[in-house]
Amino acid sequence: MIEFLMSFWQTYNTLFYTVLVHGMLALSIYITLACGQLSLGNAAFMGIGAYTAALFTMKLNVPFGIALLAGGMLPALIALIIGAPTLRLSGVYLAMATLGFGEVVRVAFLNMSITGGSVGLNGVPPKTELWHLFAAMGVLIYFFLKLKNSRFGRALEAIREDEVAAAVMGIKTTWFKVWAFAIGAFIAGLAGGLNAHFTYFLSPREYGFDFAVDILTFAILGGTGTFWGPLIGSTILTILPEMLRFIGSYRLALNGLILVLVVIYLPNGIITVKKKD
Amino acid sequence: MFLQQFVNALALGSVYALFALGFTLIFGVLEVITLAHGAVFMIGAFAGLTVVTKFNVSPITAILVGMMVSGMLGWLIDLVAVRPLRKRKFHHLAPMIATIGCATIIINVAQGIFGAEVYRFPFDFMPAMSYNFWAIQLTLLQIIIVGVALSLMMMIIFLLNRTKWGKAVRAVAESPRTAALLGIPVERVFQITAFAASALGGAAGVLTGINFNAIHAFMGGPIMHRGIAVIILGGMGDIRGAVLGGLILGFAEIMSVAYLSSDFRDAISFGLLFVILLIRPAGIFGSNLERKG
Amino acid sequence: MKLLIKITVFVAFILSLVITAQAAEIKIGIAEALTGPVAKYGVPIKNGFTLAAEEINATGGIKGNKIILIVEDEQAKKEEAINVFKKFIFQDKVLAIFGPTLSNSAFASDPFANAQKTVVFGTSNTAEGITAIGPYVFRNSVAEADILPIVTKVATKKLGLKKVAIIYGNDDSMTKSSYEIFLRAINAEKLEVVDTETFAKGDLDFSAQLTKIKSLNPDAVFCAALVEEASNVILQARKLGLSDKVKFIGGNGFNSAKLIEIAGKAAEGSISGSPWFLDDPSKKNQAFVKSYTKKYGMAPDQFAAQSYDALYIMAEGIKAIKLSGNLEKDRTALRDALAKVKNFKGVGGTFSFNESRDAEQKGRVLSIKNGKFAIFAE
């Protein structure tokens, strides 16, 4: 039994790491969704964080913690800068503008020499330990639990329910939206930094359109009423393809079918919250 | 050289516009960003290719078959994945996620049937004529593509503006509830729109397949990214916007390669999208800001 | 008494099953991209392995031991590749691993195999630094760094090139590194580069780049692209009126029957370099091409040829060791034996591992004549 568990853990520990990283990414998009903004820039923010953290450990040889912090701060800083003009947009237009931003970031990675261009960045030292991920996730869960009843959290909720009404009530909507955007970018960057240090390798293609949509799918599938939803969604969508491995060549089709069925039968996500009237 | 690049841009822009046309139609009427449109486009190309290799039919028949098959597929996607969500209150992105699931299924099955490799239409399928005007090289194909794309666009615009069906569609696009009160069979309009829009996607697929000789299970991906950019650029759900947006993207891509650098083509095109959205937050033809988000 | 006989027979039967099962299995993991856009390389690679394994098993296996291939899809994603590698090493307990398809995934997954002292053998990883990951990493992928300079030199001389244009895919590590090798070779030959153009994976329209290239009148166009883009680049160049005299010179991506199938007559005269080519008249290659085409309904490409050879190379290594049943010991023994493989005769000619466990294989300069690959110059 112990031997079985050992081999099971050895086989699937990276998958478990990935589940936690995807969970963080799902939370990073949740915070912008919490104020009704749909940002598809989180894959790019993750990329910026991953490259920043990896370059800090590889070139500057700084402690891992500092590298991770830098990997979170830079995306947050960029989010603050582009946030104000971008967040004038709403709905799909914001989604597309952030997608355009993601494309610009990808091309930048491709053409910079420090990022290794299309060849990528090889030899990122494996520094991420399980407890790092647990600690980060723990802090995030604590943050989101506290957020719910904080002034900040209530402001976000008010903006989500009705932005105009919120503004009329005196909530500085842009200020809150930009900060939510920046916090999301920070979380995504942190997730990127952690991911980079257990997969040895980074390349620009990992942070493109498809992954941005994947992150969104984590959140929507799980449900965006509470932050537990995105966590559940990301866990299921990360583990499902591995569990379906025995199917063989049509496992992706089955994966898609399950996605369709879940959405049809649980259109508000797996975790639904009853709204108080 | 400028004239040649102009022609190149026109041909590329027409393909983008044709693809975006169906895309934006579905959004305008059904209010769904259907991320399965790329897969529908790919199936159209394969349907056309299959009838050509098996029955040796003419290009027109191939396009019609591609449109038929894609249209049916689009109708089916609507029936299976979008319609069940229409009736209930749901997160407004839920249908989009459902179409992602559909796209995954379609692409995976297509790969199962056709394999992962690239196909092309037979060489003698279309005469490889090219014409030389001044310094411009024009191929028969380019002319056909631009012609077919333009006439399909005109047809859609005509249908929408001048027929009873078009009126019904516009009424539904405005407000399904009011349309229903007026006695318009809303559900039928939804289904017909899904069919017609997907058929346009199929036509784009066959034409792309004939012109660019790269038919494979994943061909829908790159064009879908661009299609999304195009319909946002033009204004979501706006037919003129899709056409103009497609042409703008075609010109942006070609001209950035011609006069700047091909390294930064995608950054320039998407950067342009970013900037246009900052100036006109709802796209070129978009009038009002969406409140719901 | 009857019962006793029955039991004896039954026990003997079970025992025989157990014994044959024990003697008969050499498990090898195949991690390739079998779904998604990269599957067009992953699938032929898998086919090459499968064909070779069937042939080896049909002729009695390796010293009577049958090869069992365990095939998993890694989708060309680095996390998937890591997951598959770990499944192979810890759950399936394979002797060695082939794959993954892309160098990008290899950089992520190979360190795990190396840390677990398990041989990982890449057949399509061309990026620099793959075998530097560790002593358990091998590959027989074409060493473009050795071959492309020869191609450039021969083409320059035979075609009398002076000024050239370059077009390459800049978002793909394979084509990007071919480009860099070509550029070094072009500079070494002191050719003038009149224009350098790029495109992205999945692009269909190259008319803008080609119009620019055409206007600058190069003597030849160097094209570092994978086959589907390469075919369209060539086709569209001819449609835009680029003269037949301006030849296309390419890397790995050119060496595929698909190039001829898709570009047709436009591909005539295109030049590339490789140890293996489809129409190589050698007996071994013709037999391979014939059985591959029969089994899969299409001609093999370079990727299939390399994986086919790779399994035979692996078999050479396994032949040289004595399987003890202790997996750790066997894996290490295999590494040492494999590193010693020299002068193996495969469909791609004579093959050896050099001291960095990379391919040492003679490349040949090829050109397309009458719809077939032929030797352009030795």
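Labels A, B and C are assigned to the chains in the order they are written; within every chain, residues are numbered from 1.
To be clear about the criterion, a contact is a pair of C-beta atoms (placed from the backbone, for glycine too) under 8 Å apart; a residue touches a chain by one contact, two chains touch by 3 or more.
Please read these numbers as outputs of a predicted model, since none were measured by experiment.
S.K.: Looking at which chains touch, is this a line, ring, star, complete or other?
M.R.: It is complete, because no pair of chains fails to touch.
S.K.: With centres defined as the mean of C-alpha atoms, identify the chain lying farthest from subunit B.
M.R.: Measuring from the centre of subunit B, the most distant chain centre belongs to C.
S.K.: Max contacts between which two chains?
M.R.: Result of the pairwise contact count: A-B comes out on top.
S.K.: Compute the distance, rounded to whole Å, between the mean C-alpha positions of subunit B and subunit C.
M.R.: Between these chains, centre-to-centre, one finds 36 Å.
S.K.: Averaging over Cα atoms per chain, report the distance between subunit A and subunit B in Å.
M.R.: Those two chain centres are 30 Å apart.
S.K.: Do you know which subunit B residues sit against two or more other chains?
M.R.: In subunit B, residues 108, 221, 263, 266 touch at least two other chains, as defined above.
S.K.: Residues touching two or more other chains, restricted to subunit A: which are they?
M.R.: 110-111, 249, 252 - these are the residues of subunit A that touch more than one other chain.
S.K.: Where in subunit C do residues touch two or more other chains at once?
M.R.: Each of 35, 170 in subunit C touches at least two other chains.
S.K.: Can you list the subunit C residues touching subunit B in their complex?
M.R.: 35-37, 39-40, 42-43, 170, 197-205, 207-209, 211-212, 215, 227-228, 231-232, 235, 239-241, 258, 261-262, 264, 298
S.K.: List the residues on subunit A that touch subunit C in their complex, please.
M.R.: 7-8, 10-15, 18, 110-111, 117-120, 122-123, 126, 199-201, 203-206, 241-242, 245, 249, 251-252
S.K.: Which subunit B residues qualify as touching subunit C in the complex?
M.R.: The contact residues of subunit B facing subunit C are 1, 4-5, 8-9, 11-12, 15, 108, 111, 115-118, 120, 123, 128, 130, 132, 137, 139, 208, 211-214, 216, 218-219, 221-223, 253-255, 257-258, 262-263, 265-266.
S.K.: Provide the residue numbers of subunit A that touch subunit B in the complex, in ascending order.
M.R.: For this pair, the touching residues of subunit A are 36-38, 85-86, 88-94, 96-97, 99-101, 103-104, 106-108, 110-111, 163-164, 209-210, 213, 216-217, 220-221, 223-224, 249-250, 252-253, 255-260, 263-264, 267-269.
S.K.: Can you tell me which positions in subunit B touch subunit A when the two form their complex?
M.R.: Residues 33, 35, 80-81, 84-85, 88, 90-91, 93-95, 97-98, 100-105, 107-109, 112, 221, 225, 228-229, 232, 236, 263-264, 266-267, 270-271, 273-274, 277-278, 281-283, 286, 289-293 of subunit B touch subunit A in their complex.
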